[in-house]
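Next come two complexes built around chain A: one with chain B, the other with chain C.
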Partner chain A sequence: MHRQDSPMKVSTNQAGILLALVVAVCAGCGTTPPASFRANLVEATKQRLTPDQERQVATILLAMFGTPDDPVALPETGLDEAKLKLCAGPVRSDIVGRKNGLYREHCAHCHGISGDGMGPTAAFLNPYPRDYRPGVFKFKSTERADKPTHGDLVRILHNGIPGTSMPSFALLSAVQVEALVEYVKYLSIRGETELALVRQYFELDDDAQGKLPETREFLVDEVLTPIAERWNGAADARIAVPEMPADIDMMASIAKGRELFYGDKANCVKCHGVTALGDGQANDYDDWNKAIVEWRKEVGGDKDSDWVSKANRVLAGDALRPRTIPPRNLRHGIYRGGRRPLDLYYRIHAGINGAPMPAAKGTVDPQDIWHIVNYIRSLPYEFDGELGVDRPMVAKDRF
Partner chain B sequence: MTSRSLNWTHLVACLLVGVTAVLLSFGALVTTYEAAMAVPDWPATYGHNMFLFPWAEWLYGPWDLFLEHGHRLLGAAAGMVTLVLAAVSWRSDIRPAVRWLALAAVGLVILQGALGGARVLLDDKTIAKVHACTGPLFFAVAVAIATLSRRPAAAAAGSLARLPVALLVAAYLQLVAGAQLRHLDATVDPSTFHTLVGLHILGAVAVTVLSVVSAVVVSENGSPAARGWSRGIVVLVAVQMLLGAGAWMANWGLPSGLLPESWQWSEPLRARSLGNAAVVTGHVVLGMLILAATVVLAIEAGAIGGAQAGREAGDGLASGRVFA
Partner chain C sequence: MIAMRFTSCVFLVLLASCCGGCGQGRLASPRPDDEAAKTIRAAIGGASAAADVAAESGAAGTGWATLKGRFVFAGDPGQPKALVVDKDTEVCGKSSKLYDRSLRVDSSSKGLAGVVVFVRKSSRVKSAVPETPLVFDQKNCEFLSPVFAARVGQPVDVKNSDPVGHNTNVAGTSFNQLIPSGGSTIFKPAGETGMPVMVTCNIHPWMKAYAVFRKDGYVAVSAGDGSFQIADLPAGEMLEFQVWHERSAGPNGALGLDKADLKWTPKGRFQVKLQEDEVKDLGTLEVPAAAIGT
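For the complex of A and B:
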């Protein structure tokens, strides 16, 4: 195995290297600056931070998390720094067959260097790539407000998200997928820490003179540790799923599920529509877009012209145009969070975090959730005309 | 056939076109698989002299090493063939266009090699973009030499020649725009990417319109060879449009909002799949082939190496020196 630091035969290659460097100067080398994390200017501006305060947040984050090329994992995060190093930095190999920069190779073009969902391609994609910074993930096996487990993120990377631009990374090695999951968690913990810090200025008393304390007790114990604990405790928040009875009468279960779907208790019909084509209430936003919509309204109604002008600049450069989130068409047979009955159970039980889909937990009995799952799984195969809809309803007839 | 009758300039130029086509295909694959930094040193390969790197490790080692090291070896081969071509053309071909193009090819191949080295040594994406633009330019020059050295060039055809030249320029600029998308730095903002995609689509429209208009004009006034090339280009451009759409879909799925939701695939996209790489790389390679075809068309239409070259060639033929 060859390493990068093995002695190079520079003496025989000096002319070539010199020529290459001369050409590089002529071609404008150094025009690609080293990557840096982009500040969460939307939140900083929303909280009306001063430039000094924005700089303080950036300095603290640099000390706690490092840079995109050289990430740092404090022990409290529970993150494996070796895995982070595999994903960080530009794409390059230092040993034959070992590729670093995995995040930039596979993820950053959509999710952005900072994990803010603002990569170069983001504006073209629908739905927009996930912004990891609030630490909210949709498709998981935990309760609605809890973090996804490590396995949930591995599953998403392995399976991709059908019906979206998120591909399956099943062709990557298990080591690479593990490392990418670790890096996504790192970006998420970093983003949540940034949000927490920015919001802390609001609670400062006069003695603080507008500066956050830069002590370990405050930064690590008060801010970072609670965030990291929620990630590290995600496995304990897994939804307890009752077994679907092995001898279940499937036709009866589907009928019962249909009844629940249209009934007041589950009330799936409100958004997914009487046809289940996703044509019910369709003018809602997910949490990421809703935050921008609401802030736009706030900016529009503010009298401070300097702040409004800064806010408008931030909205134009650091936020994507808000889009509504249509309820899923359940007759396509495309389930973004996974097609297993268990995945559908999770979606109905806990709802979809960050999306208008509410949790049925507490409203619908666990066994009844299985009936709804069975009905939903039957929808792509329900015969035409049954609901009086003049569109192809059966999955196999769509093509 | 005696050795005296062999057109060595043309033969070597054809060899150069072949080697360069494979070289560019490897280069396109290197970008598709982000393998440019699979070998972190240059011109050595993991400390070995490039030509002495263990061949078994190259052939049976990791895919990205195979691509990058193969790209370097092919680049070296192209460089050597270019030097031979320059020597042969200056010794045996009296056509100034061929001679000077051969000399330009030497300059370009040295520049391209140095750019490739600088891209690795400095790990710089801007240089990667320049490298990706110089490659097709070198290919175009190689094709021009091969075409011009084949036989006396067509006589200049006045206004007829302008369209193929415009098409050639548009095809090259389209490759330049494509290179900006392919070597996109992840730090750029969405609006920059938006602009680049817009430019690439505009370029596609320009190339399509120019190829169709060229085919129409050339079919009325051009030589049989020019007619054939112009029609062939229209077909290639049509295929290229499909590959372009395919490249988008392979990366990001069906464009939302443009097509019915019911057309969405039930299976997720698959990163780094063979089909994905074939479509995306095929789009790049076909773009280079279209550029090559436009070079031939421009020459056949008399736009490059036209009247003067034709006269020189005629003189050469008369004196028996062209194919000497």
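For the complex of A and C:
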């Protein structure tokens, strides 16, 4: 009996230890400290900031923007702090039963608490979620260099982005969508401010002793205001679109558009391919990924081993593996920025900011842009004759 | 015994999952200083103090002066690498083969081309922003100006003299436009670049140039023989110049030289005070091989 009892006893003891350990483990990982914004370590390491400088940036950003639980909107940003509060913090209901913490409920798992596009799911998605911090957005009604309007972002939340993991949030109330758009702008302005601050260390005079001035003149007037003004001026930067003539001969317009697609003037064929399947220029990167590709090269060629080992840790922990950007397959009929003719007009006129797609504005006439739009819209349905007869895959050879 | 082995196993797994779960390997994000943040928040609220106009324009002196010099490369530049040309090969690189132009050294004079010199801050500008466009052209699938300087607001005529279409993509400016064969478009740089930014063509990935835009126009790019000159600089004030080269080993392309008399820093900056009507020649500025990176 004794021999049989003994292991039981030991195992009870051990179960106790185990329990204690489980508790310890849960305490270690589980009691979440208040959420905090993650620094842009890629840019800070690229600019070779010292630990003191990295800390100064974090401190200034805390002063200017608050925390993910308690956001601050300086009046110069033009942001509505009440809307931000509805999105910030953990998911919860307030005293009147109104849902709070909308950003963490709907967005943070992909776009990240800091809006860095590096939430827990990000690495598994293709394309990667948008990193708001450079303040560059693709699908908008404004000129290439300008910010999206408030309405542009509302549209994206309503419709989602077809062909990507970005879903529609049409089931949220108008108030909630408004608030989330405001919060995206907040994260974007914060991210742009952080980038500007980090890059300012190089611009410092030697007598500044590597410390940014913590004055209103510098932080608000010089750094924040120009960023905020561009956001608040977006509504004035809308692309002027001439109406497509109502009596347009659609077949003639499609033929003209096709000519432009393959021609040297619009040159769509170079990237979207002779098949229009998006198989032309296949080894290019968008601006977000290109920044990492370029930096990897720089890290590879550097001789300062301490810096290189830090940079490699940052590349592993704070950057996603770079991916090339395929030009759109125009035969799917799936358009990320919307499928209205107007949306396609915007894409061709201004190109896609942040992506290799250039603007046709200035070198291609507005009427010709409409012809290209009509041809693009015909591509998924292109059919030229007998059923059951395979036509050449290459669109160029089909006519 | 079995139970013990089992529990130690569980223990190990737990330990491993703890280490994995708590995120070892990822660098910690810097912690802000809460007290200092409160002070800053108090300082940035309210209204800005009126800019001290007197201090801004308080620099003495009224006249103008010129600065010039010549960069020479004191190492062996080696043979430039041939570029991989795999698009539009019936046109690109046809009239002459295309080579990497990041380190252009004149074989006889050793002059280093493509060094950018600009003034960081100045109090006075002599001339208004010119209305006549500068030409930025491309031919043989190559940008004709490897390093290009313009004044903020000055029109730049982006041209394409090739029989194939290009697009011109200026990093950091959101300018990226189609330039059809024989076509052109006007680009007006809207702001300063700080250090020069890359110009590329997405259709022909080997095409590369650099552009620098400055408000006051006090910027020069060294020519084929390495010489540069900036005229109409404000005299009588300490001017700080920034020097850049595409291949420089310094931070952000800053070209650091060992010139104590000019207080040349590792950030590629030096200081000069010019007298009225002076033409100051810095002479030959030797760039050692170590100042140039990979």
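Just so it is clear, the second predicted complex is superposed on the first by the 351 of 399 C-alpha atoms of A that agree within 3 Å, B and C clash if a C-alpha of one lies under 4 Å from a C-alpha of the other, contacts with A are read in each partner's own complex, and residues count from 1 in each chain.
Keep this in mind: contacts are C-beta pairs under 8 Å (C-beta built on N, C-alpha and C of every residue); 3 or more make two chains touch, one makes a residue touch a chain.
Everything quoted here is computed from the prediction, not taken from an experiment.
Once chain A of one complex is fitted onto chain A of the other, the partner contacts of A:T164 are limited to chain B, with no touch recorded for chain C. Once the two complexes are laid over each other on the shared chain, residue contacts for A:L172 go to chain B alone; chain C is not touched. After overlaying the two complexes on the shared chain, residue contacts for A:G317 are found with chain B and with chain C alike. Residue overlap on chain A between the chain B contacts of one complex and the chain C contacts of the other covers 7, 10, 17, 21-22, 28-29, 36, 317. Interface of chain A with chain B (complex): residues 2-4, 6-10, 12-13, 16-17, 19-24, 27-33, 35-36, 90-94, 96-97, 99, 101, 104-106, 108-109, 112-113, 118-126, 159-172, 317, 320, 329, 332-334, 392, 395, 398. Listing the residues of chain A that touch chain C in their complex gives 7, 10-11, 14-15, 17-18, 21-22, 25, 28-29, 36-39, 41, 47-48, 51, 54-55, 57-64, 72, 74, 136, 144-145, 199, 202-203, 205-206, 214-217, 219-221, 264-267, 270-271, 281, 283-284, 287, 301, 310, 313-314, 316-318, 351, 353, 356-364. Considering their complex, residues 34, 36-44, 46-49, 57, 61-62, 64-65, 110-111, 113-118, 121-127, 130, 184-194, 197, 251-253, 255-257, 261-262, 264-273 of chain B touch chain A. Interface residues of chain C, counted against chain A in their complex, comprise 1-4, 7, 10-11, 14, 17-18, 21-22, 25-27, 29-34, 36-41, 43-46, 48-49, 51, 87, 163-165, 167-169, 171, 173-181, 183-186, 190, 194, 202-203, 205, 240, 251-252, 254, 265, 267, 269, 293-294.
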